[in-house]
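Take this structure first; my questions come after.
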Amino acid sequence: MRASRSEVRTFNGARDVNRRADFPLLANDPGLHYLDSAATSQKPASVLDAIRDFYETSNANPHRGAYALSVRATECYQQARQRIARFLGVRDVDCLIFTRGTTEALNLVANSWGRAHVSHGDEIVVTALEHHANFVPWQQLAIEKQARLRVCELSSDGRLDLDCLRGLLNSRTRVVAFNHVSNALGTINPVAEIVELIRENSDAISVCDGAQSAPHLPVSFDTLGVDFYAFSGHKMLGPMGIGGLIGKRATLEAMPPYQTGGDMIEFVGDERTTWNVLPHKFEAGTPNAADAVGLSAAVEYLEALGMDRVLSHERSLMSRAQTRLEEIEGLRIYGPPALGRSGVVSFTMNDVHPHDLATILDGQGVCIRAGHHCAQPLMRRLDVPATARASFYVYNDEADIDALVTGIMKAREIFGYVPT
Amino acid sequence: MRASRSEVRTFNGARDVNRRADFPLLANDPGLHYLDSAATSQKPASVLDAIRDFYETSNANPHRGAYALSVRATECYQQARQRIARFLGVRDVDCLIFTRGTTEALNLVANSWGRAHVSHGDEIVVTALEHHANFVPWQQLAIEKQARLRVCELSSDGRLDLDCLRGLLNSRTRVVAFNHVSNALGTINPVAEIVELIRENSDAISVCDGAQSAPHLPVSFDTLGVDFYAFSGHKMLGPMGIGGLIGKRATLEAMPPYQTGGDMIEFVGDERTTWNVLPHKFEAGTPNAADAVGLSAAVEYLEALGMDRVLSHERSLMSRAQTRLEEIEGLRIYGPPALGRSGVVSFTMNDVHPHDLATILDGQGVCIRAGHHCAQPLMRRLDVPATARASFYVYNDEADIDALVTGIMKAREIFGYVPT
Amino acid sequence: MSRPESAAELSALYQDLILDHYRRPRNKGALENADTRVEMKNPLCGDEIALQVAFDGNTVSDLRFSGRGCSISQASASMMTQLVKGKEAEEIKAIGRRFRDLMLGDASAAGEKELGQLRALSGVARFPARVKCALLAWNALETALAERST
Amino acid sequence: MSRPESAAELSALYQDLILDHYRRPRNKGALENADTRVEMKNPLCGDEIALQVAFDGNTVSDLRFSGRGCSISQASASMMTQLVKGKEAEEIKAIGRRFRDLMLGDASAAGEKELGQLRALSGVARFPARVKCALLAWNALETALAERST
């Protein structure tokens, strides 16, 4: 029942590159079609090697030791920061703060900046496209501060309605939180335009959820123009447990700390404490140096491919998938046209529940996601309880799309739809 | 200049067990004497294998996928939770919440429980033995809530003064935060007695920092009697980036969430959100399943040794170290007698600054920590700016102690002290 | 990697009987004069059920469900309502326990007549991610019974 | 694993001259009529320094330090105060830059006469964890000069 996988595949025109061979989980299971990279990505061997190498040659508590091993651990951690900052276009390296991932990064902003700057009667704008991680922290902040949460609605094809956004902005708006790329629909949002709108119509800060853009698009924080940008390592070929928040120096320096404890202090008196400088002020406790090193290796892997090529690889898979899926009767694709999306396609088919579809596809080695994609506000607006979602990354190829289509046909058969 | 290391060593009477061979970093560098395990531990190969194995066979986003690979990831993560809960004597597995480490666990309690229950005029008790991670969050909560922070002082040999503690407790006391074992002095605190005191004299909750007990002593949360217990994986042979908070079900269920986002919600409305059940309510975002699996392997390693044997191994190293160090003129050891300590010895020598001592020892392959050990309130009370600290773990042996002593003698020579 | 599912297992899962209950659910809708109403959600997939139960002493005299979800959760709810109507609380609980056994892969349960059409769901045990779907209605019913007895 | 330090390097680091400055620091204590006072801390190890400077125009006419720390930080502060007293701000800054070069391992700086006794600290470059100690006093002095010029 599995689609055959050709020995040699191409990476967007580059000659005969078998990317899949770099990813042990995929290489060990040729029949597996992993189409859930928007949830988490697979890891190349180089990332796993880097983590192991850190533990085998450089493991010590960074920042805290006067001995050579600890100095080495500190350097590994700092080099990882530099490398990841460069990858994301952050010139001022101290402004990249390591967190567990996007969720923690956004909670950090909502708690540290938010609690300090949002008060009764203020307004916070989020969008109907947000992942819960960029929706619930703002909603809860609004409840705590008796501020008003306003939701920017969507056009019928799942893009942000910029007129609606303009209408929501005013002098009371403190924060506008939006994602760069939607994990549920793949929509790529026009960040520059949004930032411009915000600047023209309010004094709000912009908080950009980059969980789905850092892995898939060339990103330069310094040119994006947003005040904060959050990302997760595990979605961009890196390990779990590491990600980051990027901010502007003046903003970060003016913010109170988030978590408190070791490494982030300067002087601890019985009554008062003073804080360490950036980035340490926001990194309480023993840092996750090993996974930072792993993420650094992931970023090297992506840089070697080139983010432009990553993007066009996904584009070409996407347009093929779109064409094939549109041929299927009763299949409905959500979101903007393929060109306005990153490598994500969200759909439903007839009365086959997405969960059933996922189970049937799984029986054929095809991994897709079914559910609300941590975007219940969006699901309500699409008026579906769930969708099926396939998402692509550097290791996917046409065989994965063939398997997806074959699997869907199988589901049609099981649910008694005549062959189209 | 390096102490010789015998081919065969013993693990507390067990015949000829070369523990060191299990730890790649140590095995690869026979001349290295790692005596900074209180800062972070080295990792056995089995832990590194478990992490890699997860990524190579089971990597997916737990909880979120309907396909088999994601189910496997979910099971790995849940099995790790079960195994670690069993190791720490937690019958109700859902009450073990994974965090990045001790620091995050304590911040969780201070923010979620603390903000909900501490108000103007209330009192919070911490001790002068605390690591900044169990001091600063309470100090900041006290400042925010206009509560009073009270510090339990120490006896002259670095133990908690329980009379002082009794005197601090009253009906306004909301929280008593203390460590099980001090990282700076190695003091083992009498938890049962402290809990009893708290119960008799207040309605306060007890928050136990277990960062230094989980790695070194047999611990059973269910019998300890504390309300909260926090620990870090990286100090107990596990990877960085994982640790936990244990609490009682009723307390945890009554608490508001800490970070918000994916996985921890039940229903997300535009205005209000409802929360998922334990443990998910406190685990926002993609969990760090890989490092949880690594920590589970670490716990298996420790269980195979037996925590009683780990403790007595450290005790015997400690008593030997104590004897050897006491012979050195001008060397002063801080803290209680060796029997009241876990495998930590904190000292100064003449006018040789701890930092200089650490550098000279490092030149001979001996890694010790020099500084305030993230315990500035304690250092003020000891009236020293810094101490040198050697700490032991399962992979240490007598050769490490010999090297430590030889190194100290070398420092004496460099600083012009006549041989003793 | 070996996947537990095969074409045969998929067919066993999606039998005609299940698809029939999915597409023509029995006892779906609102129940007037219900004594208890319980709502349950599966946060993972968004499935939800509202169950309304009318009692006559300890007997479930009538029940209806509403909500939405996958074929497994809908079929399971539909079959359950048919099976338990007119039965006593204790008997229903016993059936529920056996159904749970079945979902956890206890093959002996598959032979038990008292499970009625629910036995058609035995294939779900091979799909751990779907067990929750099959149990959603039962969780709601057990909550309703527990509320009744307190 | 290769450790950079050897017995020879340790001896080079802890020369008699350094230990002498550590134990008999020059210009330690309080300065009356100081124009500027700067405090600095090294959060890692707890070293701290307070530097008091008196100016005569752009010239550092006198300076004293207090605080506590390791032999490197104390010797560096002691030597620095001796060397810069009576010099002009621009000249001091130039010396500071060369001293930084020395600490970062620039061997050419080790030959420069204007660094005076500070050259005895050249061994610190081999011990990255200690470079901060050697620079603490210089950071304080540069802050004092910067405050003066604004």
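Descriptive notes on the structure:
Letters A, B, C and D name the chains as they come in the text, with residue numbers starting at 1 for each one.
Simple rule for what comes next: contacts are C-beta pairs under 8 Å (C-beta built on N, C-alpha and C of every residue); 3 or more make two chains touch, one makes a residue touch a chain.
On a predicted model such as this, the values are computed, not experimentally measured, just so you know.
When every chain is reduced to the mean of its CA atoms, the largest separation from chain A belongs to D. Compared on C-beta pairs in contact, B-D and A-D come out with B-D as the pair having more.
Each chain gets one centre point, the mean of its Cα atoms, and the points for chain A and chain C are 37 Å apart. Here the CA centre of chain A is 32 Å from the CA centre of chain B.
Work out the mean CA point of chain A and of chain D, and you get 46 Å between them. Contacts with at least two other chains are made by residues 1, 3, 5, 44-45, 129-130 of chain D.
Those residues of chain A in touch with two or more other chains are numbered 28, 32, 57, 64-70, 265, 267, 355, 359, 362, 370-371, 376. On the chain B side of its complex with chain C, the touching residues are 57, 63-71, 75, 265-267, 276.
Contact residues of chain D toward chain B in the complex are 1, 3, 5-7, 9-11, 13-14, 19, 23, 44-48, 68-72, 127, 129-130, 133.
Within the complex formed with chain C, the residues of chain A that make contact are 1, 28-29, 31-32, 351, 353-356, 359-360, 362-363, 365, 370-372, 376, 379, 385-386, 410, 414-416. Residue ranges of chain D in contact with chain A, taken from their complex: 1, 3-5, 41, 43-45, 128-130. Here chain B touches chain A in the complex through residues 24-25, 28, 32, 34, 36, 39-40, 42-43, 48, 51-52, 55-57, 59-61, 64-70, 100-104, 106-107, 131-137, 139-140, 143, 149, 151, 232, 234, 239-242, 259-263, 265, 267-273, 284-291, 355, 358-359, 361-362, 366-371, 374, 376-377, going by the rule given at the top.
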